[in-house]
Structure formats: C-alpha cells, structure tokens
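First chain A sits with chain B, and in the next complex the same chain sits with chain C.
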Partner chain A sequence: MGKVTFIEHDQTEHVAEFKAGSSVMQIAVDSAIPGIDGDCGGECACGTCHVIVTNEWFSKTGTPGNEEEQMLSMTPERASTSRLGCQVVLTDEMDGMTVHLPEFQM
Partner chain B sequence: MGNEPHPPYQRPPLSKNYLTGDVDQESLYLKPRSVYENAGHQLRLGVRVEQIDRDSSTISLSDQSRLQYDRLVLATGSHLRHLNAPGADLNGIHYLHDIADSEVLREQLVAGKRLVVVGGGYIGLEVAASANKKGVNVTVLEAAERLMQRVTGPEISAFFYDKHRGAGVDVRLNTAVTGFEEGDQGHVAGVTLADGGTVPADIVLVSIGVIPETALAKGAGLPCDNGIIVDEFTRTEDPAILAIGDCTRHRNLFFEKMQRLESVANAVDQARTAAATLMGEEKPYDSVPWFWSNQYDVRLQMVGLSQNHDQRVVRGSPEDKGFAVFYLREGCVIAVDAVNLPLAFLVGKTLVQQRRTINPELLEDPDTELKSLVNGRLQS
Partner chain C sequence: MPTLPRTFDDIQSRLINATSRVVPMQRQIQGLKFLMSAKRKTFGPRRPMPEFVETPIPDVNTLALEDIDVSNPFLYRQGQWRAYFKRLRDEAPVHYQKNSPFGPFWSVTRFEDILFVDKSHDLFSAEPQIILGDPPEGLSVEMFIAMDPPKHDVQRSSVQGVVAPKNLKEMEGLIRSRTGDVLDSLPTDKPFNWVPAVSKELTGRMLATLLDFPYEERHKLVEWSDRMAGAASATGGEFADENAMFDDAADMARSFSRLWRDKEARRAAGEEPGFDLISLLQSNKETKDLINRPMEFIGNLTLLIVGGNDTTRNSMSGGLVAMNEFPREFEKLKAKPELIPNMVSEIIRWQTPLAYMRRIAKQDVELGGQTIKKGDRVVMWYASGNRDERKFDNPDQFIIDRKDARNHMSFGYGVHRCMGNRLAELQLRILWEEILKRFDNIEVVEEPERVQSNFVRGYSRLMVKLTPNS
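Entry: the complex of A and B
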C-alpha cells in the first residue's frame, strides 16, 4: 500500500491510497477525485486523465511513450512532467508522490 | 438499479483484455462499491425494473417491490441482435454483451480450437484478435464487401483486413451465413454459407450488432423510434424521466438532427448532461462523437461520423507506423479515422468541432505539421 496526493487546479488536496500495479487514473477515479475523468477506462484513447507529476517524482514515473506523447502534445496545459494517469502504473517506490491536476481535461 | 449482479462496469475490455484474462473483474468497475456507499447511493443489483407507472411515479421491480421516484433516468443500453437461422440454438454458439458472456467465451478460447466469428464489425474483430493471441484458429465471416463497413471508409477496412490476414485469421468478405451444422450432443460443428460451402467450427461467436433497449420506455408510453426519443437535455417527453446512452435517439445539436450513437463517449457525455439537467443547470449535449478500437498492436481512434463524406484524404500510408484518413464534405472536415496516430485524432477532433474548411493538400502533406492546422486551444 502507498499514498498519492492529488492537487487540484484550485489547490484543493486529495490523498488516495494504492496497491502497486494500479494506475494513477484508476486510484483517482476509485477515490472520486474531481478533475480526472478517465472516460475510456484506461485504454489511452481519450486523454482525460492528464496529470502533472512534481519534478522530484518524475524520475520514478518515467517519460511518456510515443502515443501518449502525441496525446499530451495537444493539451494546452502541457508541462514538461505531464503524463496520462492511465499510463502510470504505481510501484511501491511512488509512495508519497504528489501530482497536480490541470484546470481542464481534453 | 441493474439487472446484472455487478456494479456498473466498462464494457470495452470484454472483447479485449478481459476476454484474454489480462485484467480482473474489479478493474472493469466504473467505481468500487465503496464510492457509492460513501456518497450515500444505494446500488440495487440483480433486480430488473419491470414497469414504470407514470401516473403514480412508481417503478415495479422483479423482486415484487415498488419504488417511488421524483425523477427517473433510463440507462437501459442495448440488447444483442440475434441471428435467426437453422441451428442457431446449438451449443457452442456465443454472443458477447456482458461480463457473463465474456467469461463463458474466455473458457472456450483454447489454443488449437476453431472459432468462427459471424460479423466483421468492431466486436467481432476485437474478439478475433484476442482469440488469435490465444492461439485459437479464427475465421471471420462478413456479409458485406469490406470490414466495419457501417463505421469506416475503405482504406481503414482494407488496413484491418490485411492486419487480420497477416496475423493468420481467415477473413472472408461477401460471405453470408445461412445456418449451423450440428455435431455431437447438440454442439455446433460448422457454419453453412450462402455459396453452399461450410466452415468447420468448435466455437461460434455471432456479433451482428445491437438494438436499443426501449421496452421499459415503450411500456410507459414514451415515444421511441430506433431509441428512446430525448432532447438535447436528455429529457424524454415526460420531464420527470430522462434517458441516456445507447438506448436513446437524441436531438444532436452538432449534427442538427436526431441521432443514435453506440459509444462510450456518448454515454459518458449524455450522463454529464443528465446530471446537469437534474441539478437544474441547462447544459445542452453538443459533443462530437468519438470511438476507439484496439486490435493487435493497432489503436484505431475515430472522431465524427464519416457516412456522408464526398472526399477522403489519406495522411501517411498503411505501411507507416501510423496513418489517418480525413473525411470531408464540401471542403469541411467531418470525420477522422486515425491508426496509431493519436495526434491526427486530436487535431481531427478540433477540426470537426470547429467545422473547419481546410485545404486537402495540407492534410495530406507530410511537411505540414498537424498541429499547425488548428488555431486556439482544444475545447475542454
């Protein structure tokens, strides 16, 4: 078990617990965190689970793959540490991670 | 209220990752049960709503209980179109619509067995790809002259034909099914064809589409015509009753006509509109429809409806890592089908939303960056 902190665009904080192997999108939806839609259920088809990983955790999540990169490239709020939450599979090493949510999902 | 024993769940994986056993059942749930409990929402599962009595604002349930409503939302989805042909009741002939169907079919997908898929649409082809991955010998029979004819253009159909053939799936076009042959103990042994031939089969999947589930609405006297008729706020003729998703034919502001859509995106967006309507906010539904399908290593993303196009522009080629087909009508982009090219899908989404007239040469030209074709931000 571990914890991830989600910070909404208006700075509201939410903490979600996870078991290794879940995705960031899944735990956000399961914890009813506003600001992450995950409309396609995690098939990397919709781009509605954009998160911005805090710099110090980005080495743990790694960089987006080619198709994820294309999805992110059209997001106006794209940051250098942006990821799609459905493509970030949580490991025990990510316990304590903080991610920010954009103002709008695509 | 749901007649299945499961909490609301994602159906797309039923023909893909769930069918192959790569994800577990809980991962399909839209939300874990605790989210409903914490919100004070009661889930009544495994119970069927038998009737709506609008005069008394009550619904009758299959467990003989009744429930009063102030507002009612119908999200009854669709039911399978069945194939009426001799032998259609034989054992081993499957349909795929819910978790139970997917689990039964999964048990049958054993390497070396022969699966015949009747119908070359999204579901049939996704199952073909999943079964092929399991080492099952797959044959796909499609009555039309190309795959996914109802939803895509000839370039995409041809690409998927080649993809399936290349993977070892025997795809037969222009092939109508007339019935099923019986083998031992009432089990299917083969599929008979209009040309007189037979395809031997251990397992058959019939995937020939769905029909909107309108019985409950019809029984309550609500207007239905190829779906429950709703306005852009998801209201039926009775303002106390809303309807959303595959079961509806809705007034679509984007297409300026009545439209029925079978898609997750439509279901989710209509649900948001319904929630707003229930809360007294008028937020009309005007989303551009979009769809996706995963088969093998191919991600197909589609936006808009291509049926009435008068011009197609292909960007890239099927030999490339990704390519896309832009569908235009009177110079305006009305739909895009993108294969392993999410950028074209997203750019297309904006072009379709904005009803943009665009020089087809720019769409085709590899030196024109896709991103440069859209001005301003994507709509949220």
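Entry: the complex of A and C
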C-alpha cells in the first residue's frame, strides 16, 4: 500500500491510497478525485487523465511512450513533467508522490 | 501511391492556391464548377452520383453475411440499424461489403476493434476523407480531421483554442442566457417541432458566436453544414445537386473572405483580437495566411461548422427521444439533478450523432481474422461500438446513472478525438439544467422523423408538448 497526493488547480489536496500495479488514473477514478476523467478507460487514447508530476518524482514514473507523447502534445497545459495517469503504473517506490492536476482536461 | 483522382485534387488545390492572390475565392470556386461540369461532359463522371430511393429494408436474418450493406442511408430511419449491427458484431465483426453504392468497404463494429483502428494512425490513414463516399468532384476541401500527423497536429493546435475549456469558461454565462431565452419563447399550449425551435436555434447561435459570424445571417451556417454533410455521394444524404454545392461553397468563401479581411483591417487599425476562430487563425504563424490556401481555408471552416452543428443539435433532440422511451429515467433525473453531467455522456452514447469515421489502410492489416488490404476503406462504426454488449451492460437501455457512460466512443479516440467535446457537454448540461427549472414534462407526441444519411444520426422533426412546472 502507498499514497499519492493529487493537488487540484485551485490547490485543493486529495490523498488516494494504492496497491502497487494500479495506475494513477485508476486510483484517482476509484477515489472520485475531481479533475481526472479517464474517458477511454486507460487506453492512452483520450488525454483526460493528464497529471503534472512534481519534479522530484518525475524520474520514478519512467518516460512517456510515443502514443502518450502524441496525446500529451494536444493539450495546451502540457508541462515538462506531464504524464497521462493511465500510463503511470504505481510501484512501492512511488509511495508519497505528489502530482498536480491541470486546470482543464482535454 | 496516391490514386488518380487524388492527384487531380492535389493539382487543383495547388492551382487554386497559386491564383488565390489575384482571383477572389468565390470566383475560383465558381470557375471550378464550370471546369468540373466540362470535365464530366467530356470524360464522364468519376463515379456516377448515386440516387437513393427509399424502399423497405429486409430483416437482416434473411440475408447472407456478404449481402449485408450497412451503408444504406435508410437503415437508421427504418429502425433496422440495431439488428444489422448486432449481427455483424456477433458473426462478422470485421466485415467486407464488396459492392455498395459507395464502393467496397470494411466495417469494424466491436468496441475494442474500433478503439484499435482509431488509435493506430500509423496503420490507418484519415486522408483524404472521413466520410464513406466521395465529396462532389472538385470540392475535395482539406480539413485537419482528414489529415494525418504531423500536418494534422499543426492545424488542430492552431484552432483548438476556440473550443478549449479556458475559452468556454468565458462563454458559459452567454450560453445559459441564450438557452433560457429560447426555452422561455416556446409555446406551452400546443405541440411544436423541437428541432428548429430549440436544437437548430441553439447550435446556430453557438456557431455564430464561435465564428463571430453576422448574427442575423446565422441560418446560413446551418444550411451550408446540412448540405455539405448531406451530399448523396458522400453520406447517402438527400442532396444530389452538385451545382448547388458549388454555389454554397462559393457563397461560404465570399462570406468568410469578407469576415477575414474585415478582421485583418480592424487588427491593423489597433483593435484587440477576439477569441473567435478567425482571430485565432490570424494569431498563429502557421495559419495567418490560410486565406491564401482556399481549399484548406474552406475545409477547416466547414469542419468547425459541421462539427458543431449536426452533433450537438441531434444530441439535443436525442435526449428528449431517449427520455420519452425511458420515462423512468426522467423521474430519476428530476429526483437527482446532480446526475446531469453523467446523463449528458449517456445521451451522447445512446444517440451517437455521427455514426462513424472512415480510414484507409496504409498497409495490409490483420484484424478479427480478416486481412484488410493496403488501400481498402475501413469504417469504424461508433454507433455500433456504443451498443456493443461486450463493453456496455444492457447497451440499448438509456440509463442516466450508467457507471461507464463516459467511456462512449462518440467523440472518437486517439489524435482525432473530438476537439469540441467540452463545448458539447457544456451546451447539453446547460440545456438540461434550464429545462428542469421550467418544465415538469416534455412529451414526444408523434413518431420522430429521422434524416436520410449513413453518417448523421439525426432528427428532422420532433413534435413535443411541454408541461410547465407548477
């Protein structure tokens, strides 16, 4: 078990618990965190689970693949540490991670 | 290898671009009309304009699989589409129809397979068209919905700001007051047709705002869109007069050129640019000279108009049809208005206002045990994927608190995912919030009339009777 903190654009914080192997999108949807839609259900095909990982945690989340890169490039709020939550599979190493939510999902 | 007609279209586009600086755009399009008509007289048409006469569609279970043709533009109107697509999903989920009026094509009908095709833009090209048939010859306009990356990405990013959530926040108040005005003007003592009174009126006003188009001429936007999307050769629609389509395109070119030049002049005089589409195009270095590429200019405006017209309009009508078929859901909604956002997704799933998008295989692809050959047309039937029982429980039921309603595929998936999705959701959410404030019931009093098309799943007539809140 571990925890991820989601910070909304208006700075509201939400904490979600996870078991290793779930995705950031899945735990956000399961915990009803506002601002993560996950319309395609985790297929890297809609861009509605965009999160901005804090710098110190970014390297632990791996690197975006081509498909993810393509979807991220379509959002105007793209940042250098942007990820699609459905493509970040949580490991015990990510316990305590903080991610920010964009103002809008695509 | 480009096909021959495509090459002709390319040459034509280059010619038009080269002459656009000296010849007004509407004159160029009129010129094309005469050129095409001369070409048809000399060489015969590329493919004869199909003419569709409605006849009763047979029960799908009386047909051999190979004879099933889901391109029939009356399938939706006659209520046969559910049975046809269910049989394809169950027995031939990747299905080849070798001689439809639009030529041979593959149908992909299961949710998972559609998602695969939609995501795989490296295997399936959106060029040169996303409708099953061909547009009228000579009117092969260029739009980014029918472009592959990287050209697609550049063009899309230059216009998506107009419907981006940031821009929408500014528009919410305006949309709400207009929706209220329209609903307050409706008769409560007699039945009326909801389609022109509400669905067309609200989408027309929205389009005029997004384009900063002269408000009193907004009906033109709706008429152009209806005729472009309703071309017989393209979607099996009711419009078969090619000359009239050239006249429309010329009329559109004239209106939008004037609007473009007017904005250009105002900006040169120091006026702050607005948040409308043309101002955004003029602010972006990739598109600031778009007016010098007329087929692209017309194409992208057409895309925005068609994209924001038939879709939202028919979801506005479709929601009422759904509520009348499933009256308990309306009771549920009145008891729990907080279900509106989820209900909006469910309306969009249930209605699926655009039935499909088309692709062309860029190489041989194995899918569902079939080999799709390079160059073949592939139709992703969203209307079927949204009713796939492998994905959605009781898919034909309209359930406003359906848990996975947001997973619907009406917006498409991948790089071509609908750019206006948030605007559509906003318009529908506000419409239903304002409806609940005013009406206790909206009863559909006649069987709705559905449009002739294999692409647009819409209503031309929806007679309703309102009961105001007591």
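Simple rule for what comes next: the second predicted complex is superposed on the first by the 106 of 106 C-alpha atoms of A that agree within 3 Å, B and C clash if a C-alpha of one lies under 4 Å from a C-alpha of the other, contacts with A are read in each partner's own complex, and residues count from 1 in each chain.
Methods note: a residue touches a chain if its C-beta (ideal position, glycine included) is under 8 Å from a C-beta of that chain, and two chains touch if they have at least 3 such contacts.
Since the model is a prediction, treat every value here as computed from it, not as a measurement.
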item	value
Simultaneous placement of chain C and chain B on chain A, clash or fit	clash
Partner, of chain C and chain B, that touches more residues belonging to chain A	B
Contacts of A:M71 with chain B and chain C, given as first, second, both or neither	both
Chain B versus chain C as contact partner of A:E43, first or second or both or neither	both
Partner chain in contact with A:A32 - chain B first, chain C second, else both or neither	first
Touched partner set for A:M1, first chain B, second chain C, both or neither	neither
Superposed model, chain B segment overlapping chain C, candidates 55-63, 181-189 or 271-279	271-279
Contact residues of chain A, present in both the chain B and the chain C interface	37, 39-41, 43-47, 67, 70-71, 73-74, 76, 104-106
Chain B to chain A touching residues, read off their complex	10, 12-13, 27-28, 30-32, 35, 38-39, 264-265, 268, 290, 292, 294, 299, 301, 340-343, 346-347, 350, 371, 377-378, 380
Chain C contact footprint on chain A (complex, rising order)	37-41, 43-47, 67, 70-71, 73-74, 76, 103-106
Touching residues on chain C, where the partner in the complex is chain A	115, 118-119, 149, 153, 156-157, 160-161, 164-166, 404, 406-407, 411, 413-415, 417, 421-422
Complex contacts: residues of chain A adjacent to chain B	26, 29-32, 37, 39-47, 67, 70-71, 73-76, 104-106
